[in-house]
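Same chain, two partners: chain A is paired with chain B first, then with chain C.
Coming up: the complex of A and B.
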């Protein structure tokens, strides 16, 4: 290399270094909030979005009429100006709206609300339509008043229907009209590409660089700015948000430690906590979740069509062991289908199968339950002298030998907790002579086997984000939903339960409905079509040196309240 | 004339094989368990909703009808709309493919050049210390577990020393800066590319080096090398002008196919480095039953691999006078 070349190379390196420093300094002066995402959002079309990351971004843009306070005790008016007013007929509701504007400055009116609700009904939009099909008419009375007329009283109207995201008629009218003329209107609506969503939320999308990042800026037209809602003064106090994508949690944790991101918007595994706690500028949040992880049985065929066997399995499953060893203590046992955190609807007086028993005591209890139900063994789990021993040759009450049965679980790379729980449960069932084998299979295949084909013995699945309204109890166990792709995956049929579930759907009085929901939980705990196992906690990590004001609520700190309250530390 | 007949024959074969691949791909995805709707674990998704979606996606039609539509669309150059993105598949592929080509093609070309060069050198010094160490180094690199190596490189150079960005292809901070010019953006991409490129280079160069070394050692026993020596040519000329071009033929096959497969990217590399390429999309499409995206990606790979095979054969004929079609 000649002297001239060397000089040129040195100059080039110097330029690169100056550029890097300049960009770093410039980035620092902007002070954007930087959030890590586990995956890129799939779409910004609010009707199509079904993945968590798309919904996380869209939740900053499209807003509902009502939302839950961080304390989860009540619904507060968000785009609505006050609580819905019910008329004397019990099926007509009137909602007044706040003065608000869309992010382009145009007025948000009752026509937008009516348009959104009619769009859902006309297109029968999946995941939304079930919450709107019982609404007969939607009318914009004036610019700031909407009237809803229901076909019949429906308890979920306030908590589930009025919490959908409202879209702008201006943004969607032409798209909807064009879609209606197509052979497949719903597919056309879904395939509409949204580049710059028009919303009423605290932030507006500035740029989506596919595969790299999303850039959001404060929405100057945000209706909540400076208002006190749910007892909180709303901002936003952050000018910009950068959403960066990290392919693996390992690298995301390095980014957090290095200060490349201020928060990782995805639950982290307990294994990372110890290391993160060594960094004083990192704070860990462990939050309650509204979730359910359970062992489901196929009641359509032997051997789990027998409630005695299901109860025996319930006694054998050591939930505390799973929580301590598999979840490393970051979870709690579940005895109801409803999480205990859902205090208003949760029934605390349910049977706690096997609670407080050690392994030998569990096996003895199961021996007793099954013996009373007519089961026999070639080699029983408890011998004549009362000593626990390895069991074999379990025979059903009709005398036939119990066939080997399978517990389907998602694979360990999808969810290690469920995969390991399956292996543990397999071992525990075998101790009582139940010839169970855990079989991990791809998630899609598992769902098809369980939901569509109904070809299984037992399975372990979970619901990550259950609504606070407990109507899902009806959806999971009403006999109406025992069909292909229905949510009654166990094939549970109980006319008593169906009757109570139907009543719960239409009971508007909260206390009366609570009693019905309590009863439904009791019946399910007694018949055990599902055995609730654990409720993992949502563990999130943030840096505390740049931003403060995270609001912790059910499901963690990644919520609209946080984004409306966060502010720079200095 | 002969070469033209050969090319036409090969093109006919390629078309036939491509048609078979087209059909097999269609069947494979339809026969695999699950469907695009079944993964939506949301109690709000009623059976009626699911059925409506299935109908809208055209998956309720008999399989032969779906196949005919698939063929018709393919012949018209339409690859459909991704079930999960709601975007035309061609747009998604065009968005991701350049990123994959940039990273993987450059890493393969670099690895091939260094591998061939070093292979040529060490074969000439067989048994010497340099040969032993370089060969061991190449073997170690070749057998390293890629995600592990990638994480170690990230930890050392991006986290610990802090010379490079952790992952990704661009810095959000720079690309959202209105004053950032092309040079700064270009340097930013190069800065992000350094670590994944190094990882892929380390993984790949060993195999090229070993193939080149072994091929060179075979070539050195050939009579024409002895003749060259007898003519009194110097060692460098014998190595570079006589031995290396002949020994490089197996490497050319390997590089040609690697380049063709490089459009597929590498799901592991792209995931660890969060490189927005086609490899990650391909894995996502397969695991989520996104048939249009998965089919189009595989078809693209098949087309490129088949074409690359033909091109490699033609290059062979050009490089090796003994080969005639």
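Coming up: the complex of A and C.
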């Protein structure tokens, strides 16, 4: 080989290597982020969506004016350009918007914001209406300024009202106008099928192949691209996302191990962790949640209309046992309706029923509580010699025999933790002679029985993604919400609580409001309409060999910050 | 030994019946399938009987509520827990034994009920003929085409979790038509036999003819079908429990499988996954084998050449 030939060959090799590198880099950037979903999203109609999978997809598309930073310490302007400016009257707010565009390239304006807020008010959209009904007027001052006039000063306006997803007037105007002419406008709005949602978020829906996958592409018009918000430089740095639907967690875990997906967007059972940890390219995230899992009682009828019996049940329920065994340690006990992580509002001085007691001590304590309240047994749980024995024939203070009662739980298929907790609680109540039996039933039927028909004795349910603002305390227990399908599922009525709750909603001074929220927690802990049981952690698994940059925050890593910051691994 | 139905004409004589039973038993025992089936079933019956023992030894061996105070996660076999523990520290062996009891209870009672309905309807249909026959058989056809598992799943999701006895009853209600068809066919051949004619001529009532003369002759066939029904009842209950529609208050093998699955231990805890799975297979196999051997006893056409009578 001559020198010239050798040089040519070397050049050729160099070119080939450069080409190979370039094509690999190009291929990598083309490789989509693949995410496993537990179920098919039920709808892409943002007003109708209530399931986690639909909300996961829609959260990439529809954006709010403000959102929490990953550290959850403050709200940062998202579609808004800066914090809302409150006028001297205390009820007028002005919000300036960022220059942004919808995913079809049309301009995002103040008219869109005003339209969204009016739509919620006009249709009384159940999930959002309670945070907008106190807003009197919404005006688009100019293209980039919106003015809100409240009926009265309201503490929850920034944290609860201005965090709703904003929709495009162009997309929804006709739908809303047509729905208004129907007999049931809200139902018509809910039934509207959305195929290509128009949003301002980092991704747009490209294709939804039902039963198989959803394909999303980067939104070239995303307002946050290249901006630094909340101290973070936003992308997205990923060109495409492919959401694959997996029917069961087992299959999804196999897919994750094989590298068929990069993340499974659903909490996984602790049972998987040991096996997943054997794979070095898989990382487990265990995140705090803002949730509440509780035992609710029906205060509308005997026997749980008696606070003494509810307190007795609270002593019998061994929360530590449930956390240590059922949750495998991935959770913490709850004594307030508020999670302890919500440090500003959480009242740490509440009664910790049964804390530190062993089973026998719990039974003795309950025997004492119920005896003092006038309950009698044919065979008491503690005999005359002070020995604990199987109890039977519990009689109410009025002398009647306690009827068998049922604890409704979601089925193990839906949530094994709650179903098994129900069985354990049934057994613990029986030890004191309370004739309880756990009855798992399908989630829809359970909600129907508890929320709509109020036909139950007790139930175990949970709330996820509770807002940091503790206004839900008012919504869960104010007597105003004890109605068909209302949030006050226990049927709790307490004028003292109602009065404090109403004041808490309006008090603008943070310290004063905190005292009110503390008092509300105390009252609920005393009367026990709900017995908070546990706060589970969110366990998620991702592969680290293709993408990096997951942002962990409350409720896990599946959040908009992650999707705006994820980038391919070099 | 006399074959088929002709021996039943002489069943009135106790000695003849004894001979037939002895001959049948000899034939059954000669069949290795029958022998294995019977031994397997006896093992499971022993397991079911033994299920009462562990909770008496220590409350931690209670299959549903007992937990080992030292163990709070799934662990493999050890001296204290021969098959290991489940994710909250319950003993898997105790659950397996309790599961055997539930499987027998579900299998036998559902099979007995479906055989009871099937035999009764089959006999009435075959004996009465005409309109009654047509009506009952069309109903049987309609029930027969309904997929049992699917219907019970739907009912369960509509009315909440079903209790074990409701599940048993539902299985029985959907599994009688097959039996009734066979019994009806047998009744049709019987009702024209001379001994039935004779009974009718001597003034026996319809009820007496059905229960005193036809019933003893279809009984062996009904018992044969019962063994097959036990198999299907056990499998349906296990499938229901596995899918999350079983009775949560009972520890059945299907329920154990569901716990393994739903708590994420499917690939991590073979000591928990395999025992219930193997037990379901073996118990259903044992009843199937019993049925096959019984079939050979009752139907001479299935016997090998030169086999004893």
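Going forward, the second predicted complex is superposed on the first by the 530 of 570 C-alpha atoms of A that agree within 3 Å, B and C clash if a C-alpha of one lies under 4 Å from a C-alpha of the other, contacts with A are read in each partner's own complex, and residues count from 1 in each chain.
Definition applied: a contact is a pair of C-beta atoms (placed from the backbone, for glycine too) under 8 Å apart; a residue touches a chain by one contact, two chains touch by 3 or more.
Keep in mind the model is a prediction, meaning the values are calculated, not measured.
Peer 1: Kindly say whether there is room for both chain B and chain C on chain A in the superposition, answering fit or clash.
Peer 2: fit
Peer 1: Have a look at where A:484 lands relative to chain B and chain C in the superposition and call it first, second, both or neither.
Peer 2: In the superposed model, A:484 contacts chain B only, not chain C.
Peer 1: When the two structures are overlaid on chain A, which partner does A:221 contact: first (chain B), second (chain C), both, or neither?
Peer 2: Once the two structures are laid over each other on A, A:221 reaches no partner at all.
Peer 1: Could you tell me if A:326 is touching chain B, chain C, both of them or neither one (first, second, both, neither)?
Peer 2: Touch partner of A:326: chain C, not chain B.
Peer 1: Just checking: does A:43 make contact with chain B only, chain C only, both, or neither of them? Give me first, second, both or neither.
Peer 2: first
Peer 1: Classify the contacts of A:190 with the two partner chains as first (chain B alone), second (chain C alone), both, or neither.
Peer 2: So A:190 only meets chain B here.
Peer 1: Name the contact category of A:439: first (chain B only), second (chain C only), both, or neither.
Peer 2: The answer is second: A:439 touches chain C but not chain B.
Peer 1: Figure out whether A:411 sits in contact with chain B (first) or chain C (second), or with both, or with neither.
Peer 2: In the superposition, A:411 touches chain C alone.
Peer 1: Considering only touches as defined above, state whether A:102 meets chain B (first), chain C (second), both or neither.
Peer 2: Neither partner.
Peer 1: Report the partner of chain A that touches more of its residues: chain B or chain C.
Peer 2: For chain A, the partner with the higher number of touched residues is B.
Peer 1: Considering only touches as defined above, state whether A:447 meets chain B (first), chain C (second), both or neither.
Peer 2: Once the two structures are laid over each other on A, A:447 reaches chain B alone.
Peer 1: Once the two structures sit on chain A together, report how near the CA atoms of chain B get to those of chain C, whole Å.
Peer 2: Least C-alpha distance after superposition: 5 Å.
Peer 1: For chain A, which residues belong to both interfaces, chain B and chain C?
Peer 2: Chain A residues touching both partners: 248, 250, 442, 445.
Peer 1: Which residues, counting only chain B, touch chain A once they are in their complex?
Peer 2: That would be residues 32-35, 37-53, 55-58, 81, 84-87, 95-96, 99, 151, 154-155, 158-159, 162, 165-177, 179-180, 183-184, 187-188, 191, 270-274, 276, 280, 287-289 of chain B.
Peer 1: If we count contacts the way the header does, which residues on chain C are in touch with chain A in the complex?
Peer 2: Contacts found on chain C: 64-65, 67, 72-74, 87-89, 157-161, 243-245, 248-249, 258-259, 261-269.
Peer 1: Per the contact definition, I'd like the list of chain A residues that touch chain C in the complex.
Peer 2: Counting only chain A, the residues touching chain C are 248-250, 253, 268-272, 274-275, 324-326, 328-329, 408, 411-414, 416, 419-420, 422-424, 427, 437-442, 445-446.
Peer 1: Which chain A residues qualify as touching chain B in the complex?
Peer 2: Listed in rising order, the residues are 16, 19-20, 23-24, 26-27, 30, 32, 34, 40, 42-43, 45, 48, 50-51, 124, 126-131, 184, 186-187, 190-193, 206-207, 209-213, 215, 240, 242, 244-248, 250-251, 254-255, 257-258, 260, 442-445, 447-449, 451-452, 461, 463-464, 466-467, 472, 475-476, 481, 483-487.
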